[in-house]
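Next up: some structures, all given as structure tokens.
Shared between the two complexes below is chain A, which pairs with chain B and chain C, respectively.
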Partner chain A sequence: MNPGYRDILTELEKDAFKEIINIAFGKAAASLADIIGLYVILSVPKVEVLQPDEIQHFIERELNETKGLNIIEQYYMGKIRGAAFLVLSYENSKQLLSLLEKDESKDSFNFFSIAMLEQETVTEIGNIIIGACVSKMAELLKDFVTYTPPRFIGGKFSGRDLPPKLFDKETYAIVLKTIFQFENKNISGFLFLVNSVESLDWLKKAIHDYMQHYGYE
Partner chain B sequence: MDTNNIYTTQICDMMNIGIVVLDREFKIHYWNRWMELHSGIMRENILNLQLFDFFPNLNNPKFMRNCKSLFTFGNYYFLSQKLHHFIFPFKPVSASDFQFENMQQSGSIFPIRNEKNEIDYICIAVHDVTELVAYEQKLLEMTKRDVLTGIYNRRYLEERMKDEFEKHTRYNRTLSLIVFDIDHFKGINDTCGHQYGDYILKSIVSIVKPCLRTVDVFARYGGEEFCCLLPETDIEAAARVAERLKDAVAVQEYFFQNTLIRVTISLGVAKANENLRTIDALFKKADDALYEAKKNGRNRVVTAKI
Partner chain C sequence: MIKKILIVDDSVVARMGLKKAIPQNASYEFYEACDGASGLEQFKMITPDVTFLDLTMPVMTGFQALDEIKKIDKNAVVIVVTADIQKKTVDRVLEAGALLVISKPPSLKEISDALEKARKFKEGMMKR
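Entry: the complex of A and B
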């Protein structure tokens, strides 16, 4: 292990980055409510700098339960790139259907098994939440990203779900974890963004630009 | 949008997918040749007009929600054929696809950014997957059917028995089972040949089938053994159905080389109850009753005692 790898960002940089993410997720929540009509509360994100082989362990530790999960996985690419994992329990996935307008779900019930409708709903809502959080994060870092189609994984989280090409042994990963909760509904889940730090110089510059702009420097 | 680029235009027109570009007001800014071909609407008649005026089916909350998300967050929206069947209501292309009223499509919608990385447009890409879905359905159907008689096979029967038995144990739903078998079928095969035996099997199926409801599961269990799974049916009603089947088969006359043949069936009837804890136990109960019917002289129904 590379000694001091956690120090690739200084304490100040890390705090600034946390703040950027916090603001980004706040903006994401606001846009979700204003534009899409999804009322989501996003917790203050936890930020960790990890080596690739630690990521799986970290995510497993942060989840209370590693089985009985529905996961939406989506990759994004820009100057910042990585993988997003939105994690919901089976129970919460079921309840997600109630977020849709009543007519909408009733219509679809005629054609599909409930299991399939659930899967589609989780994928759709997951796609939107991931898009909101990642795009706002990228926006504050003056970056923009493109996405792969979301992929539904039913069952459990496993290290195999991490794309090996994205994280070779030499790079670091900045892992963000937030808990999201739908307002007035007892539905919550986790969102992990695993960012590959290939271009550390770019990230540091983006953080410093932000700090300068807000008078930290 | 710069659609004048000679190469891009050619590529988009030659590709075997539909491409539509929309602005924030859902006005159409690009419509490729595939879309012209399948919609019958020429480019010049649709450009700069509202998508929903032509395709009101897309004016729904789900489509709007996802398009708004695309314009705001620049993400990606995938429309699966399984859930949507189609995006644009087009006719299927080939004559063999007429089992579908509409061309089956899957599609994706993605953002298009300008030089400043702002999203002014989104693009819908549509694939025709009708043939694929037709194959999938055909294969699915084939795994359920008996090749000779066209009724359900043992695999499907066992699947359904599991489901119906689950409903019975969970929600206390009534469930009855008839097992029957053709009397002296081996003799028919030996004297008249297997082809005639096959003919008898098909004929019996065509006699029994109209006597059952569509909710009943009628399957060929093995050689000359058949099962009728009757959901929501009490044992008395099931026994009446069995009697009807027995009589319907017995009156049919067959002629083999100018000799009259009559074919009969023996039937066993059983009902799921708290003493029969598994589907196998229910099946055995009906099968034992069938054995009893055989022993007592055939061409009869025996109802299992609870």
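Entry: the complex of A and C
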């Protein structure tokens, strides 16, 4: 890998990509607000370029800061492909569940354990947020992605769990992270996307096409 | 009449895009700021005719900047351009006094319509 890999995107391209992600996260928040009626406070996203061999360490560092995490993981495949992770603390997941609990759902507790219901709920929320965000990112880059089903991971996550083919040494990893907070609910979590870009030329062109389309160039 | 336009957004690409989307047939003066706090400072210094304001920004959010701008001039014309398209966000900024809200990425027509609306609003204010 070229030692200047962190500069594979110019500052302007990174800024444009960050703006695309900002719009994508905004779409995800709006979807969530529409579906479950929770207002999300958005934060400024961060964009970082990593070498493939740094990804495992990065994920472990990000996900091991807090003990007892609930993680929703979902993979997407298109010209841009990667993994999305929605991360909530165990306590926050429980709070989220209590917010969504409706009287009519109480009966279902007879059939599902609380833990199972919690998993189902958090997984569904993760699916909504990740799907809205990644689809919008792909749309703005004129790409189309398909998804694996979301996977719930309780407790610890190891970067070694990542499929080995996702990030081989010829790819670039562009990591995007945002913190989201549910207003007045003391619930927060973060969403990050680890994008593997096989064709840097394609990504650069897609970013420049976006900039041109919206008058940025 | 609109002469001075302030664009507040942490993304240089968004600021560039907005500037280019504004019809060039008028001799506008453009001013830029990269966060809510510096946007507020610019606002105090130049008293713009129209302010385009992003919401999700570091240092000071657009929500806070809007509140502060309205404390200085309740008739200030602020057009919010944001990726945060939740209904509650839109309701909140309109209630706080924004003239209108445009979702990102804005189209040329949206910007042009927004400026026309701003011009009419300012004319209406002057007639009072």
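The definition used in the following text is that the second predicted complex is superposed on the first by the 199 of 217 C-alpha atoms of A that agree within 3 Å, B and C clash if a C-alpha of one lies under 4 Å from a C-alpha of the other, contacts with A are read in each partner's own complex, and residues count from 1 in each chain.
We take it that contacts are C-beta pairs under 8 Å (C-beta built on N, C-alpha and C of every residue); 3 or more make two chains touch, one makes a residue touch a chain.
The model shown is predicted, which means the values in this text are computed figures rather than measured ones.
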When chain B and chain C are modelled together on chain A, clash or fit: fit
Chain B versus chain C as contact partner of A:Ser135, first or second or both or neither: first
Touched chain A residues, chain B compared with chain C: B
Partner chain in contact with A:Asn127 - chain B first, chain C second, else both or neither: first
First, second, both or neither for A:Lys18, with chain B first and chain C second: second
Touched partner set for A:Ala33, first chain B, second chain C, both or neither: second
CA minimum distance (chain B, chain C), superposed complexes, angstrom: 15
Overlap of chain C and chain B interfaces on chain A (superposed complexes): none
Footprint of chain B on chain A - complex, ascending: 28, 31, 35-37, 100-101, 104, 108, 111-112, 116-117, 120, 123-124, 127-128, 130-132, 134-136, 144-150
Contact set on chain C toward chain A in their complex: 10-14, 16-17, 20-21, 55-58, 82-89, 103-106, 108
Contact footprint of chain C on chain A as seen in their complex: 12, 15-16, 18-19, 22-23, 25-27, 29-30, 33-34, 39-40, 42-44, 140, 211, 214-216
Contact footprint of chain A on chain B as seen in their complex: 60-62, 65-66, 68-70, 72-78, 80, 82-83, 85, 108, 113, 117
